[in-house]
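Chain naming follows the written order as A, B, C and D, and within any one chain the residues start at number 1.
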């Protein structure tokens, strides 16, 4: 009856790490600016696509990924400076539409330059699967999980030890007070967009060897990333990562034990039921959000 | 005085709708007008929900689809007449909305967005997978054209006038609801649920009412759509369409009936105008979304209103020294969304 | 005090906890019809929480809330409004998307005697009732001195007038009991004096019982019939303004705070 | 030199004058953008290439061909609008399209009313069964592809079959045909799993399939899903033979699936194995020429889908020439009489009861070996 459970778990965690990394990007921006960035999935796409393109252009893989990630971080900063900062404190729903517009734009540019094809990236350390309990694990999955954990750990250090991190948390708590204390809220906003560009792109680059990439992978990832955020409780980075993993595992178990046709529906039904019972997500505080 | 101004607006709108086909260079564009009417209908309902009552829904395409598939099933599969299918479609859409309204509308802000989004996705998965009923991803073929009271709406022009008539009626209904105690209660909920309740407004009931009402609007549009196209496929009712609907609401102008109409007509016909740019059209579409929201935060209607006011000021008085030349009127506008 | 007026509001033994914080402990409060009853106390004493308990926004752990003898415990906010309890808000909760008059007409929500169908068909009843309601609400605006601003967007009013608008909106509900949460906050002296007069007229002309939570001691001492002092969620003292002013514990609590 | 230029100019002018007279307008509804663009783009490229080729040879009936092409953005609504526009605004004499089955099904009922022939480039059988007098299709049916696979499966002596299909129109059509043919031909269907078009991990489905212990797996989908399936199968170390559909018969699939594509089998049109065909094969010369022409011009590999564009426009051209008329109804009648016409997708023979004109011979079973296709004997 439980045949395949270890495999489902491994698959779910791998896919879930994708969602989790996207969700972390959402959280980053949401915490400093209160914006839900619907272009978050595009950062993930940029990470993957740029890595592919740079690799094809002749850069060695690690360098290609590094450059791709930096470019995406830059794209994040640019986005904040160009379209978010000028509108100031607009209504949240307007900002959401702006981010939707940006995501259409980014997708369009990538499509026009590099086409509509799907691309693959070589795995970091071979494709020979490892056996683990009853499951077969791709080495790349281990890379993904390890890097996700590394990123989480680094974020924790960043927020608790560095002045920038603390300043960002201050913006998250009370923007006005942060501004009064001499923190440049605008700089922090730009920084958060850069960071989430960075995080998204890291996710895109390390996942592409498993999942392949194309100009339009961002839509679905953005959607699932947002769901992961909500599942974990908006604003809580740990919740976002956990939400992603849970969502991935739910889908995988849904496909394995219920019906592969309804696996996404299954995951969303669980999410809805959870919200009905706990309206601010698994690890969300009692305080509802600012929107 | 306000009342008469509103009647005048409605009369002008009726006139515009009636005259629109005459201004078209050929028959093809009437189909776009019909689609504009359908979308305007959904967007108007969504605007009552979002713009007036302040409750976001990222799953409204589902109600549109539920009604379309229901009438398709009732008329094509079960073989019942169209006059049975249309109310059945609207009723299913309303019923589903009524069922999910209570648990869903307790949620706030982004959590509400997620719940409605999830609902929309679940429904679209069902459209895709319940192949025996819906025909699956390749669609539902063979839906009869609309025939009411013995009149078959075979020509597109006739169908347009039907759609436009329904849209006008929906506008009237919306107007009358907004200008009543119910409308005031909804607007109150948008700003402060605490205060609305303290005034004796049963917010759960009102939220459910407006949610069901918006589902009815979407349902009407869905049934008309199914009998116009005579074909429905799940891809028309997915997440993308829900997002487009929201975009129409916001771009047109939150809490404005004319905004809903303007947003729907503008965004539905925009791709037609962008075709000249060929592959670049998607870039221009995205850029326009961003630009509109940056420079007209209160939407097309608000933006035009501000522009008109600004022009009037320019024309009636000499430019005041304080006014910088070339300053965009919309830039300073704040949205009260 | 010649004779005791009938009891309008009776709060008995109410306790509230927020997470680990005990916000109210066994609090009693009595307000009599035709009285202005004030609740004072240092910041964080639980005054706003107490108002919340009365109007239903806060669910207490125990205790009861009665209005005119009818138990309100467990009933939702809007039903309590219908039963006659209405409040204003410390942080202004004006409906900023409406005109001044529409704000007040929302207060008259329960008194618009027509159905949804009436409004859809614009029946004579709808027209008659809307007209009546509008006239009534203008009276309320006139009562607080805002009649001339009826058609302005509510958000355009200055701060002090928004406070008055909240009061007009609340009395449009035609309550038996009006809970005012720091109505003078942000008002200058002159405005506060006008407010005092309005509060007295609410009691005098409209025969509405008032529970006033306020920091402005001058106003409180000026208008109140009875005063209850809260400190750390418990009742410290209760009595007439004179009694309270002379109470050494109260003085100590206030001095201790500032 | 100058004189030569002058001559050329005169010739161009003359040609332009002759052409300017009265072009033959052919419409096209193609998914150039959106999820189906991987089909639509080569179709559009090919249509334009064929049009120019025809015009370079003097057009049809001495008149130039004008191609009015609209992008339906892979959206049913847009396809309907585009078809309306072609019929009502542009007044075309025939239409090529649509790219996807969904769009074709949505627009095809407009054509008998307008009495204009439609040549679809999509696969669904519903397009031509029952026969709609004005609707033809050039893409081979899923039934033929599935039949070809099952023939091979039977020859290997396999009994238990698992199917894994993508949850879009293409996958659904294949799944329906397989669910009908698998039991009908005496096999046992032991698993029927589905994956989403954007899914990135199919190990759960494959694990479940492995549990059902099939002799062979048939995967029905278009890129990139099947490539992920192939990779996941290798990852899980599954040895069960995996058949793919003709939906992945492009080099892109081998590129995406990498080493895990080795040994996979699929039914493919003749195009991708043209060089391996015997010279006597009627399509061979044509296929080689198309491949060379397309690759030189668009710098990208040919695909079967582009071939649909070639077939539909060339078939229309042939019908117009035989009918000696560009009246839509004459074109329709002539189309129905086309026989033994070698195209990219196969050799077409239309009849009043067969508006697809292809059979199982449109496909070859191929196996992927050393990163390339090899015809299975």
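Just so we're on the same page, a contact is a pair of C-beta atoms (placed from the backbone, for glycine too) under 8 Å apart; a residue touches a chain by one contact, two chains touch by 3 or more.
Keep in mind it's a predicted model, so treat the numbers as computed, not measured.
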Would you pick out the chains that touch chain A and also touch chain D? B
Weigh B-C against B-D on C-beta contact pairs and write down the one with more. B-C
Which whole number of Å gives the spacing of the CA centres of chain B and chain C? 40
Centre-to-centre distance between chain D and chain C (centres being mean Cα positions), rounded to whole Å: 74
Once you find the CA centre of chain A and the CA centre of chain C, what distance in Å lies between them? 47
Based only on mean CA positions, could you tell me how far chain B sits from chain D in angstrom? 37
For chain D, give me the residues that contact two or more of the other chains. 33, 167, 194
Which residues belonging to chain A are in contact with no fewer than two other chains? 111, 261, 264
Shared-interface residues of chain B (touching two or more other chains) are 128-129, 279, 282, 336
Contacting chain pairs - touch in the sense defined above: A-B, A-D, B-C, B-D
Touching residues on chain D, where the partner in the complex is chain A: 33, 35, 37-38, 41, 167, 193-196, 198, 200-201, 203-205, 207-208, 210-211, 223-224, 227-228, 231, 234-237, 252, 255-256, 258-260
So in the complex, the part of chain B that touches chain D is made up of which residues? 25-28, 31-32, 35, 128-129, 131, 136-139, 141, 229-233, 235-236, 271, 275, 279, 282
Chain B contact footprint on chain A (complex, rising order): 36, 83, 86-87, 90-98, 100-109, 111-112, 223, 226-227, 230, 234, 261-262, 264-265, 268-269, 271-272, 275-276, 279-281, 288-291
Contact residues on chain A for chain D in the complex? 3-4, 7-8, 10-12, 14-15, 18, 111, 116-120, 127, 129, 136, 138, 207, 210-212, 214, 216-217, 219-220, 251-253, 255-256, 259-261, 263-264
Of chain D, residues touching chain B in the complex: 32-33, 70-71, 73-78, 80-81, 84-85, 88-89, 101-102, 105-106, 109, 124, 126, 167-169, 171-173, 176, 194
